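Before we start, here is the structure in question, set down as structure tokens.
The first chain written gets the first letter, and so on, giving A, B, C and D; residue counts start at 1 in each chain.
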Amino acid sequence: MEQLLRSLIDSDIFVYTVMAALPLLWILPYALFAVWLERKVSAHMQDRLGPMRVGGWHGWAQTIADILKLIQKEDIVPAAADKRLHFLAPFIVFVGSYAAYAAIPFSSAFIGSGINIGLFYIIAVSALVTVGILMAGWSSNNKWSLFGAMRSAAQIVSYEIPSTLALLTVVMLAGTLNLQEINRLQAGGLTNWFIFRKFPFVAIAFVISFVASLAETNRTPFDIPEAESELVAGYHTEYSGMKFALFFLAEYANMFAVSAISATLFLGGWRSPLKKLMSGPVWGAFWFISKGMFFVFVQMWLRWTLPRLRVDQLMYVSWKVLTPWAFACIFGVGLWMVL
Amino acid sequence: MTPQEISDKLKAKFGDDILEVKIEGVIQPFVKISPGRIGDAAVFLRDDPDLQFDYLMCLSGVDYTKGILGVVYHIFSMPKRHTVILKAEVPADKPEIPSVTFVWPSANWHEREAYDLIGIVFKDHPDLRRILLPDDYPGHPLRKDFKVPEFYQGMKVPYD
Amino acid sequence: MLKYFTDIFRSVWSVLIGMKVTFRHLFTPAVTIQYPDVKLKLPERARNRLYVNMDDCIGCFQCDMACPVDCFKIETVKGLPTEDLGMTSTGQKKRLWVPVFDIDIAKCCYCGLCVYPCPTECIKMTDVYEFSETNRHHLIYNYATMTPAEAAEVRRRAAEHEKEQAAKKAAAATAVKKTPPGSPPVPPAPGSSAPPAPGAPTPPTEPPRA
Amino acid sequence: MIETQTAPIKTSTGRVLRPEEMVLNMGPQHPSTHGVLRLELVVDGEIVVDVIPHIGYLHRCFEKHAEHMTNYQQVIPYCDRMDYLASMNMDWAYALAVEKLLGLQVPDRVEYIRVIMAELQRIASHLIALGTYGLDVGAFTPFLFCFRDREGILDLFENTCGARLLYNYIWVGGLSHDLPSGFIDKARAFCRYFRPNIKELNDLLTYNEIFIKRTANVGVLPAEAAIAYGCSGPMLRGSGVDWDLRRDDPYSIYKKFQWQPQIGRGEMGTTGDCWDRYMVRVREMEQSLDIIEQALGGIPPGDVQSAVPRRIRPNAGDVYVRSESPRGEIGFYVISDGSATPYRVKARSPAFVNLSVCPEICKGYMIADVVAIVGSIDIVLGEVDR
């Protein structure tokens, strides 16, 4: 991808801006589709129909209508709010989840920047979301938002540990942090994916990393920062118009980023499950997106099934359940590799 | 125990403070007691081994006009499954009556409502505030002689 | 220690059961309907908007008395004996003009208490429920079928008739003082009996449901 | 650091706050207070130190209205609006009180139909209680399942009396309409349709471990405190007190049916916690289904309006009659002075009394639990404020 662009115009600035903007090409349509999908999935799970009227068949244009509405909505900033922080917070939250796309390999041909510490970079940069949420909570000058922000800070930070440990098991197996490399190691069809090697441990690590990723994107059963029934809407109560849309976009982008990482590490990112069949660069992108979308669907499925945990139970699950089991998996994989 | 036995026990204990006992001629027999002794009567009713009135069903304030306000206690006993109805009358110009919240905590809100709507003051009630109406509402609406104020906080009250 | 493991197992198991239930509902048909395009047929006894058939109304105020929120404003004028006010469908002779019959449907609580006491069954609750208005005063329905001019004319005649009666009574009373009782009363002046031209019906008239 | 000495912050009842405490107003516009209830929480971090409920935002002077009606029958539409989720039970309680005042005997057919309607209303009201309780705890889907099932009941009511929520169906001495044709088969069809759905609700919410963690051992109300505070209905039975007005202070014909009051046994935690109150409501729905099916079988023929008096003019006297509404003991204390207008109607509403326990059982829990506890008390502000 980089050679292709350099052959067009040979200036660094042009190439790198285009490379940085390429994931946007995927995130924006994906977000439009994901919001619509969530509303339809939740509707049909609850014996409803969901959006049916905007744009013909099953209301496909509903999200576009929403975006247009949000764009022209008045952007209300609370009088006593800390103006600068209030303005900056949504952008930092979006940057936090968008920056992760730099190191995610969409297919064998396309990767933002194939740095050799890809996974480490992704985990580090997605912690930026916490800063954004804290800024949003504090600057809204609203007790409820402050509660939401405090809870989400505690939640995201304490769930990074089990998620990192779970990903560590795969890194031990793969021996490298470079996601493109990890993908190459999982060649040769379904049986060669990491999830099936060293059977029980990596599978448990997969479940732990998926549950921890739920907490990181504030999705049910860990959607405590924006608990509708307690904190009204948590940290983004005082946001409206385009800033609220940005929060929404950031949440869906984060959802896909997290499921993309799980797919890449455990289920052979752009590797096709059928050995040699359908495994070109374009097919790679297809497989990668379908795995990602499957995990996004599972996150939605959980959202419309489970109630919400309380904050102290959330901490209990993170420290007392997920972290010890993650250590056990690392220990198991390590022992298995040594023997 | 039948209402007759209950009222006899009460008469034995409180003597002439029991102003009137009506068993026949009314749908539900009641005992009228002088307002000063309500507190002791409540303690007696709850603690007496064969009365055990532990469940205050309903405490209602009534305006009997001609300057008399009344409080009616409907009390029930869970273990014994029997009921007693106590009535007490207080003059409208000095509507003071001891509170029974320390005997039956359920009376707390009932008394606050009686104070709020009828204006009966319950002495040593934990926090006697208006419960249903705004704190600065003029007067007590359930009194028979209550005139709806023309304006409340600048808003016209009766509208066509 | 055992409790720790059973806790985890039970959590995972109950989460999976819950997911099974919602997944099964992904394929069950939806129960909701698309309202403006598809409208539910209300049952026969549905109680929504009031409808008064003014031809049968004899101005007896039964509905006004039965209404708990008194949203009726009815005015009746005594018809002169010479005037012919027409018959109700149930065969009673109408003796009162009803120039004003207003119902404030915004105040109405749709309890239906006014329907039962009506002797001529002329007030009924239809199943029309889409009658929202932008201005609250439009919700005051006036069902009277008499134009204001006619109403004024009827009131004038009734008042005039009233004065005559009063004058006659006064005259008769003074006559009794001057002459002994038993002298015949003066015959009533003949009222001009112009039959009331039916005015344009202002209220929404529904054909009574079959 | 300059020590800024500000005046000590006080709550509305004059309690001085310690420096680390904060006053948090939950309500009156709040998604989970089930109406316009304002809870003034004194909060130390997440832990709730004190709760001061403020009610009265939905006060519509029911008792003042009742004193200005021209006859006893006109108060019934006002009773509907007291507990708008269980209006059948409200009408029935008021009708029972006035019938006792008049010494009126109601024909058997009316008794049977009243029992069926009240039990259907109990299921509809419990469905809302359980659905919104799922929302409070964070599960969206059960709420919509409960409302989907409730539609079946509302259709039955609409066919019978024409209204879906506020019926004015049970009159003093009888009913406003007789049953429409085909009502009995439709009601039986509803019972058959609804029974498996209760099991589905259990799978989805009741035995879900996260739901159990959120509700077991939360808001524990011991039996003695429940009785002392005058609680009733699922609130009292949840605390293990075997007390149900339909059996222990029997009115109407509940004696003719075989059914068993449901009591909280502390299966998932201590007796009297939120889960028990929730479970009592779920089991009561099944029990109401049994009662309805038994009652549907035995409806005698007859005229439902035969005992409705033309003019109600009870002789002077007062009466307090109570009956079992879905939220507990709804009692009407009616005083009549011989005229056609009631002299005083005092409504003892169960949610008003159950809510007075709220400060007791919310102390020491977290904010998320206060939402769960208030949801388990199942309050309707129309009834609390009257």
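Just so it is clear, a residue touches a chain if its C-beta (ideal position, glycine included) is under 8 Å from a C-beta of that chain, and two chains touch if they have at least 3 such contacts.
Since the structure is predicted, the reported quantities are computational estimates derived from the model, not experimental observations.
J.: Grab the C-alpha centre of each chain and report whichever is closest to the global C-alpha centre.
T.: It is chain D that sits nearest the middle.
J.: State the chain with the largest centre-to-centre distance from chain C, centres being mean CA positions.
T.: The chain lying farthest from chain C is A.
J.: Just give me the whole-number Å value for how far the CA centre of chain A lies from that of chain D.
T.: Distance between chain centres: 44 Å.
J.: I'd like to verify one number: the distance from the centre of chain B to the centre of chain D, where each centre is the average of its C-alpha atoms, in whole angstrom.
T.: Measuring from centre to centre gives 24 Å for this pair.
J.: Could you state the distance in Å from the CA-based centre of chain A to that of chain B?
T.: Chain centroid spacing, chain A to chain B, equals 62 Å.
J.: Would you give the residues of chain B that are in contact with at least 2 other chains, written as numbers and ranges?
T.: In chain B, no residue touches two or more other chains.
J.: Going by the touch rule set out above, which residues of chain C reach two or more other chains?
T.: Within chain C, the residues that touch at least two other chains are 15, 18, 21-22, 25, 31.
J.: Multi-chain contacts only, two chains or more: what residues does chain D have there?
T.: In chain D, 141, 148, 204-205, 208, 210 touch at least two other chains.
J.: Applying that definition of touch, give me each pair of chains that meets it.
T.: Result for touching pairs of chains: A-C, A-D, B-D, C-D.
J.: Quick check on the complex: what are the chain D residues that touch chain C?
T.: Chain D residues touching chain C: 69-70, 73-78, 80-81, 141, 148, 151, 155, 158-163, 166, 168, 176-177, 180, 200, 203-205, 207-210.
J.: Enumerate the contact residues on chain A facing chain C in the complex.
T.: Per the touch definition, chain A meets chain C at residues 41, 43-49, 52-53, 301-302, 304-306, 320-321.
J.: Once bound in the complex, which stretches of chain B touch chain D?
T.: Residues 26-28, 54-58, 60, 62-63, 72, 74, 78, 81, 85, 104-106, 108-110, 117, 127, 129-134, 141-142 of chain B touch chain D in their complex.
J.: In the complex formed with chain A, which residues of chain D make contact?
T.: 22, 24, 30-32, 46, 134-141, 144-145, 148, 204-205, 208, 210-211, 213-214, 366-369, 371
J.: What part of chain C is in contact with chain D in the complex they form?
T.: Chain C reaches chain D through residues 7, 10-11, 13-15, 17-18, 20-22, 25, 31, 42-47, 65-68, 109-113, 116, 125.
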